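Below is one structure, written out as structure tokens; comments come after it.
Order of writing sets the labels: A, B and C. Residues in every chain begin at 1.
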Amino acid sequence: MTWLTRNGLTLLAALVALVVLLPLGWMVSVSFMPPGSAGQFPPPLIPKAPTLANYATLFGTYGVGRYLLNSFLISCLATALALTFTVPAGYAFAKLRFTGRNAVFQALVGALVVPGQIGMLPLFLELKAMGLVNSYGGVLVPWLANIFGIFLVRQFCLSIPTEMIEAARVDGASEWMIFRRIVLPTLKPVLVTLALFVFLGSWNDFMWPLIILADQDLYTLPVALAALSREHVQDNELMMAGSVFTVLPVLVLFLILQRHYLDGLLAGSVKG
Amino acid sequence: MNLARRTFVAGLLALPLASGCARRPEGTLEFWAMGAEAENLPALLATLPGIPRVQVQPLPWTAAHEKLLTSYAGNSLPDLGQVGNSWIAELAAIDAILPVPAALIPLTHGQFPAVVDTNRIGNRLMALPWYVDTRLQFYRRDLFARAGYAAPPPTWTEWKRALHKVKAVAGPGNYALLMPLNEYEHLTGIALSAGASLLNADGTRGAFAAPEFRRALAFYKSLYDERLAPVASSTQISNVWNEFSRGYFSVYPSGPWTIGDMKERLPRDLQRSWATAPFPGPRGTGSSTPGGSSLVVYKSARDPAAAWTLVARLLASSTQKELQSLTGDLPPTRSVWAATGLTADPITAAFATQLDHARALPKVPEWERIVTEMQNVAELVVRGRTTIDAGVREMDKRADRLLEKRRWMIEEGRGS
Amino acid sequence: MREVAVRAEARAGWAMTAPALAAIGLFFVVPAVASLGLSFTDFDIYALANLNNLRFIGLENYQRLLTNPLFWQAMRNTLWFVVLGVPLIVALSLSAALLVHAKTLRWKPLWRVALFAPFVTTLVATALVWNYLLHTRYGLINYALGWVGIPPVDWLGNPHTALPAILLFVAWKTFGYNMIIFLAALQAVNADLIDAARVDGAGAWIRFRHVTLPAIAPTMLLVAILTVAGMFQLFAEPYVMTQGGPAKSTVTVLYFMFEEGFKWWNLGSGAAVAFILFLCIFVTTLVQMQIARRSGAI
């Protein structure tokens, strides 16, 4: 085998990766350029006089820190709530026998096909009646009804040996104790995957927070960024700094935990 | 353990509800404002002694209308705020704002009549004008001079002749006038100049098939057909200032906000080459829409009296002067124009002339939707995809459909 | 004793699923069903002010939609996204998966992460980046095209190129996800079959067409179904990049629904659009499964 046959594909992969990551790289590069310098021909790739001015403006004049806090709080809460609601349910659908279990689960699988946006307008009216419009609660509500999460947890729980559970039952343990002491520790991989999935999903969520949040103080980063971009479409550098800011936390989180995320997706899709 | 878990979950659930609750301390007034006014409002308020604490929330113009309605739906409207004049009819129809108390009505004396009229819904004054604006022509004085004109002529025929000459002077590849196809203000201005009423008397049906509007639409289309204006939307013009200084177009219909932009973004050697003039009409100076923003107090305000007091303070002549110097906004009261030198400056004096010729638009809540549809069809007419006849009939059809609920409500006696 | 144990297990089962089911019922099922009901009324800003202004109007919302040219424009645009986008995204993600799966490729995890990264990024943020990349004069894409002699294209200003431009962005953003799904399928293809084919003298393309492709056909169907559903749900891209323009060429069905519902406050009409959207996704999914069944793929 020549060098080319051995490494040709690796070179190709490197080239493809470069092209794919170019937009992100350019985004970071422009965010460090002085205001007004990116909008010229030929478009600059590297800042000639890198500056932190755009980030300073974002924090100082536009109070981006507030939106960062909102996004962080909401994503943490969404993750905690989603885990609390879906993990026991996923386990129950996998391992506990109760009347109607299969019928209900089939219905849930069917519901996966229905697009979430179909109920957006009535949900808005429903939350208005409950007083949850324009609050964190309103933003978090869709994450309690996370069907995909139940699906994922159930898939994982199916592979837990039932003998282990039966043995604990014979020993007199209650169902809840079995869940907490025996099952939960083995669920760590899927917990991480699900937590990542919900955190990423809620951080990046745009349409629903756009609809439900009216108070600027409560805006999450994507909503704030979209609002800023309507006013500042000419200010490339500022917008790119905003984009970097919005993308960076989740990208870093993903890079740290990417093994779990991708493995979880791979496992989920094989059985799915 | 069950209890601990349940308390934990309950606590989690309570947290988001708590964080969304009202964070407005007692005695503070919440004020929503947009654009440059929002940026300068804190400074403006600082010049007023003895007012209660005011919390200013800025909204971007492009999302403000949606925000107001979403907040109305969510019961989270502020105490008072700035609103675009075209939204007042809608806010009044859904009973979101309070009528102006009798004590404050004298504040409107000496203001431009068309603007005050815009805020009068069903014979009640629902808002007080804060600043006024209107559109008129910003034109390249040097190019017009080279074409043999000191200023754009006031009649349609003469104006078009002048535009042709200016286009020739500007050179090949250039146009004379910029009217982006996605903006409805240009056609409505022409329609008002032609004397069109746009809707019937009680605002229940479209009047686009009337002869005045047909004439206006024909004139509008001719500007594109004769290649005086480029067939383009605003997103296709990357940088208006560059194009204006290049001579790509010599007439730029716009409002007072452009004065500052012209001074900032045009090159120094062009600073003496631009001027303003009112729009032309079929037989003389034309009309335009009286615009601007007004101050309203929302029905949900905790202390309407305090809110109205603040409004009255903001509308005092001295405060109007201060706003003018901070933002360049045109004051609604004529006497302040003289005091701030706006009448003496020819650039701004043209706005006063135009405002004197302004006519109010139909004051129905559905207006923004109707005028958007009007422009959608107008774009098709300009692009040659439909005829003027078919176009105006389609506009009427769409307007009638949009007004159907209003017709029903008036018949049932629920609306005005 | 056994009885008691069975009942305890059933009780626990219901207790553990109850919160999630309640949330799903309250915040998903009820609104979805209510959507249907809402679509038979003329709920609008007047009704928002006073519920007495609500009228039951039967199928009138649907009639009005079907005679609304903008609605058909939105459907057309969305169908263009589907017709152009699904083959593009399936091809891109399959190619990427094949590349990352290849035997002679080194540092596989690195390429996997790099190609997946765009999927993780926030849509609004990257839509803004692409807005600038697609800029007529100062964008990198036109600059690169200039190297090969192609004159600058007004991507987002020309009604004919705006949709493909957004599609390019969507493909970049989502191909990583489908790539992972294909990777899983490729890893499950029986390696013995491929080896046997190689021993028989079959070239790489023949091996792909006759061994790999049939084996991953069910996955291709899954990816196609997911991508179609995704194309029907495009909203943030036109909202951030073009606001539906130019000349309404990038208004998608969901964008249209958002404007009906939250810009004009015709919640009745918006709900009708939502229901039509649901039917479209449902029908196309059924059709796809039928085609797949007929052609023997699954």
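Annotations for the structure displayed:
Please note the rule applied: a contact is a pair of C-beta atoms (placed from the backbone, for glycine too) under 8 Å apart; a residue touches a chain by one contact, two chains touch by 3 or more.
Values in this document were obtained by computation on a predicted structure and should not be read as measured data.
Across all inter-chain contacts, the pair with the most C-beta pairs is A-C. Averaging C-alpha coordinates per chain and comparing to chain A, the farthest chain turns out to be B. Chain A and chain C have CA centres that are 16 Å apart. Our note on geometry: chain A versus chain B, Cα centroid distance of 40 Å, whole angstroms. The distance from the centre of chain B to the centre of chain C, with each centre set as the mean of the Cα atoms, comes to 38 Å.
For chain C, the set of residues that touch two or more other chains comprises 19, 135, 137, 262.
Multi-chain contact residues of chain B (touching two or more other chains): 9, 70, 73.
Of all residues in chain A, those touching 2 or more other chains are 84, 176, 211, listed in ascending order. The touching residues of chain B, counted against chain A in their complex, run 1-2, 8-9, 12-13, 15-17, 19-21, 23, 57-63, 67, 70-71, 73-76. By the touch criterion stated above, chain B contacts chain C in their complex at residues 9, 65-66, 69-70, 72-73, 90, 93-96, 181-182, 232-233, 235-236, 238, 365, 369, 376, 379, 401, 405, 408-409, 414-415.
Those residues of chain C whose C-beta lies close enough to touch chain B in the complex are 19, 42, 44-46, 48-50, 52-53, 55, 64, 70, 135-137, 154, 156-158, 242, 245-248, 262-265. By the touch rule above, chain A contacts chain C in their complex via residues 5-10, 12-14, 16-17, 20-24, 26-27, 30, 38-43, 45, 84-86, 88-89, 91-93, 96-99, 101, 104, 108, 111, 113-123, 125-126, 141-142, 144-147, 150, 169, 174-176, 179, 200, 203-204, 206-207, 211, 221-223, 225-226, 229, 236, 239-240, 242-244, 246-247, 250-251, 254-255, 258-259, 262, 265-266, 269-270, 272. Note for the complex: chain C touches chain A at residues 5-6, 8-14, 16-17, 19-21, 23-24, 26-32, 34-35, 37-38, 96, 99-100, 102, 104-107, 109-118, 120-126, 128-130, 132-133, 135, 137-140, 143, 172, 177, 180-181, 183-185, 187-188, 219, 222, 229, 232-233, 235-236, 239-240, 254, 257-258, 261-262, 267, 270-271, 274-275, 277-278, 281-282, 285.
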